[in-house]
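Chain naming follows the written order as A, B and C, and within any one chain the residues start at number 1.
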Amino acid sequence: MTFVDDFKPQHFRLTAESDTFWRVTFDNPPVNVIGPEMMKDLKDLLTELEGNDTVNVVVFDSADPDFYLAHYDLAADPAIAEALPSPTGYAAWVDITVRISKLAAVTISAIRGIARGAGSEFVLATDIRFASREKAVLGQMEVGFTALPGGGAAGRLPALVGRGRAFEILLGGGDFDGEQAAEYGYVNRAIRDDQFVEFVDAYATRVSKWDHRVLGEIKDFINKYTRLADDEYPLHSDKFWGAAGLPGFQAISRQLFEAGLQTRSPIEYNLGEDIVEIAARNK
Amino acid sequence: MTFVDDFKPQHFRLTAESDTFWRVTFDNPPVNVIGPEMMKDLKDLLTELEGNDTVNVVVFDSADPDFYLAHYDLAADPAIAEALPSPTGYAAWVDITVRISKLAAVTISAIRGIARGAGSEFVLATDIRFASREKAVLGQMEVGFTALPGGGAAGRLPALVGRGRAFEILLGGGDFDGEQAAEYGYVNRAIRDDQFVEFVDAYATRVSKWDHRVLGEIKDFINKYTRLADDEYPLHSDKFWGAAGLPGFQAISRQLFEAGLQTRSPIEYNLGEDIVEIAARNK
Amino acid sequence: MTFVDDFKPQHFRLTAESDTFWRVTFDNPPVNVIGPEMMKDLKDLLTELEGNDTVNVVVFDSADPDFYLAHYDLAADPAIAEALPSPTGYAAWVDITVRISKLAAVTISAIRGIARGAGSEFVLATDIRFASREKAVLGQMEVGFTALPGGGAAGRLPALVGRGRAFEILLGGGDFDGEQAAEYGYVNRAIRDDQFVEFVDAYATRVSKWDHRVLGEIKDFINKYTRLADDEYPLHSDKFWGAAGLPGFQAISRQLFEAGLQTRSPIEYNLGEDIVEIAARNK
């Protein structure tokens, strides 16, 4: 019985395309929020991958063409995720994103649909981001909640998009489609949606055929020169949770839930725009 | 009487679009050079903003569609600007650009027209640069004067455009139109001129509605990871003023003034090209 | 008798376009591999340039429109290059690439044709990279040989293309055409092939007319902020040569030679793709 056969995650599927190429498909209807059960299963997957010296590449995609990972689950009790084991000792979402960024396996986000907030932070923590030109939407709308992103966007974006565009993305909080995200380096490249799956799979299949050792050596050097020190990330998380406890964040969240947050509603599609009016109302 | 009502800058206008959104419009005919009066007023504006915890965003634009900020005023006595108060203790232009880069407010350059030399350095010191696709021109032509840029271009460009393009921009000294500047990351993006004002104002208005505190937190983290240490900039300034005292710089300047520098003449429009012949003549 | 008149390199030509503008044209048929004779002559050229305070700019181009520098010469005995004098004390290819990156003269790669492996590393070590839109091909296919690039690609790419794209280039090992390379920042820009020579020569001619001293000052500052410490590069080289001694690397090389490596054959044109099947066969 292999890990893949034995592992039964609740909100994503794990598929072994081969011994060296695994696929994780997010599937947490209605909009793929990142909740405590998904986080528990991601932590178990990370523990497996940290001890695995066969898997070369893991592709993270979504069963829902409209939502990649909508954002953090704001309806769940945060204490549930924080009670999970944390090998790094960091808060739950930081533990996951830091550990993803340190795997020996090459991690690829195959982004179709919306990836905002923690969804965007997830893809930023992986090594490579491919986006559907027509269907990908990325954004960090936390600023509209009166919070800075808690999972490290401010730490990871500058190494991808540079200083000026990191400011624009985080201070504006707006949406970036696949093409704009590629122009900024927020994603590696945008691929026409009708060629997207084929492109991603060809790249991952290629990587799956290389020598496992050399992939680790290459990753080690690039990480040495470009990865922020782990202990920066708890500083971001603490600021996020500090803001989340304030009345402003809570009032904005409540009004967003009244407008349909975390249901398959217009507010989830248009959150990047609609949050402005709700934020302004709560100043 | 508010600061905005009371403040009477000579070479730009200050407009409060709202309590949280200010606009600075450069207006120093004939070509918007950066002279000692403008610098005095910029320093006063910076002092106000450093103590202001209401203004979220400041947009810097130009009353002249052809010239954003042409360059440093080479006709003025440098001693006038250097005699102004300098809270950082640095030379006048370094004091201004370093302080801009440290404001709590989000600073946005809305670039229409020519921004060369110190004009380019001004926009590099702001957080975000939006450029008119048709009308923006950026460049650092100091190399043609036998000088390196004294206000920090060599310190700020690499974090935006990377190593190779920073070399090309500074060692070539040529002009970059809006589209090329956006491809390089020299500006965040180029926007069609007929949509430019609307785009910039929509972004700034959005930022003006956010919580003031969180903008500062986001800026602090990105600055922590991407802003060069302040004490690098005096090294650049010293090199610039050292070169400016040499016969080569002075001969080139004199010949440029004879050709119409700092008047509304072809030399100001074509300085990026025309300086080559004058530099070569003075080798 | 000047150095240019006296110097007789075997596998490239040196032309003085003027006192301040030199051109190096690689010419080592059939595919411009980087072998010990070329390395000896490059080292002699570097020694001259290190002591030369007249030459402002050196353009490196190729006599072969299909091959810029195919890759390291894998048929030569590595001991020959390693026996050459090494002023840095580093392995031969590291000595050359580190010294190029520290010259006072501005170095420009004018890339037409294929530049893979060490050929790509050569252009990464120069200051500026211009690519023919139609004819340039860049790639680091070492991963397919079970090796990481030994001449510093993992150290130089992140400062040009950012973290995510550095992963994609080095972990995939595939080819990048001129346009894609420009989108990533792997090259400064891609220029239409029918305008390529004119564009490169105009830029270099411009630089050739500037003051020599100021070019060095500009380079010193950008190098201070963006150049990796020299002593990182031997770590890469040691990993490369370690892998090159293993059976996997040797089996893959042997099969590539059987397929026509280092001859004017389809394998040299399609190496970025064809190596996948050969690597997979040797797992």
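Convention: contacts are C-beta pairs under 8 Å (C-beta built on N, C-alpha and C of every residue); 3 or more make two chains touch, one makes a residue touch a chain.
Just so it is clear, the structure is predicted and the values come from calculations on it, not from any experiment.
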{"item": "Angle of the C-alpha superposing rotation, chain A to chain C, to the nearest 5 degrees", "value": "120"}
{"item": "Self-contact between copies chain B and chain C, residue sets same or different by half", "value": "different"}
{"item": "Gap in Å, rounded to a whole number, between the CA centres of chain C and chain B", "value": "36"}
{"item": "Per-residue overlap in chain B, given as positions that touch at least 2 other chains", "value": "162"}
{"item": "In the complex with chain A, residue positions of chain B that touch it", "value": "106, 127-129, 159-162, 182, 185, 187-189, 203, 206-207, 209-211, 213-215, 217-219, 221-222, 225-227"}
{"item": "For the chain A and chain B complex, residues of the former touching the latter", "value": "142-144, 146-148, 154-155, 157-158, 162-168, 170-174, 180, 183, 228, 232, 235-236, 239, 243, 248, 276, 279-280, 283"}
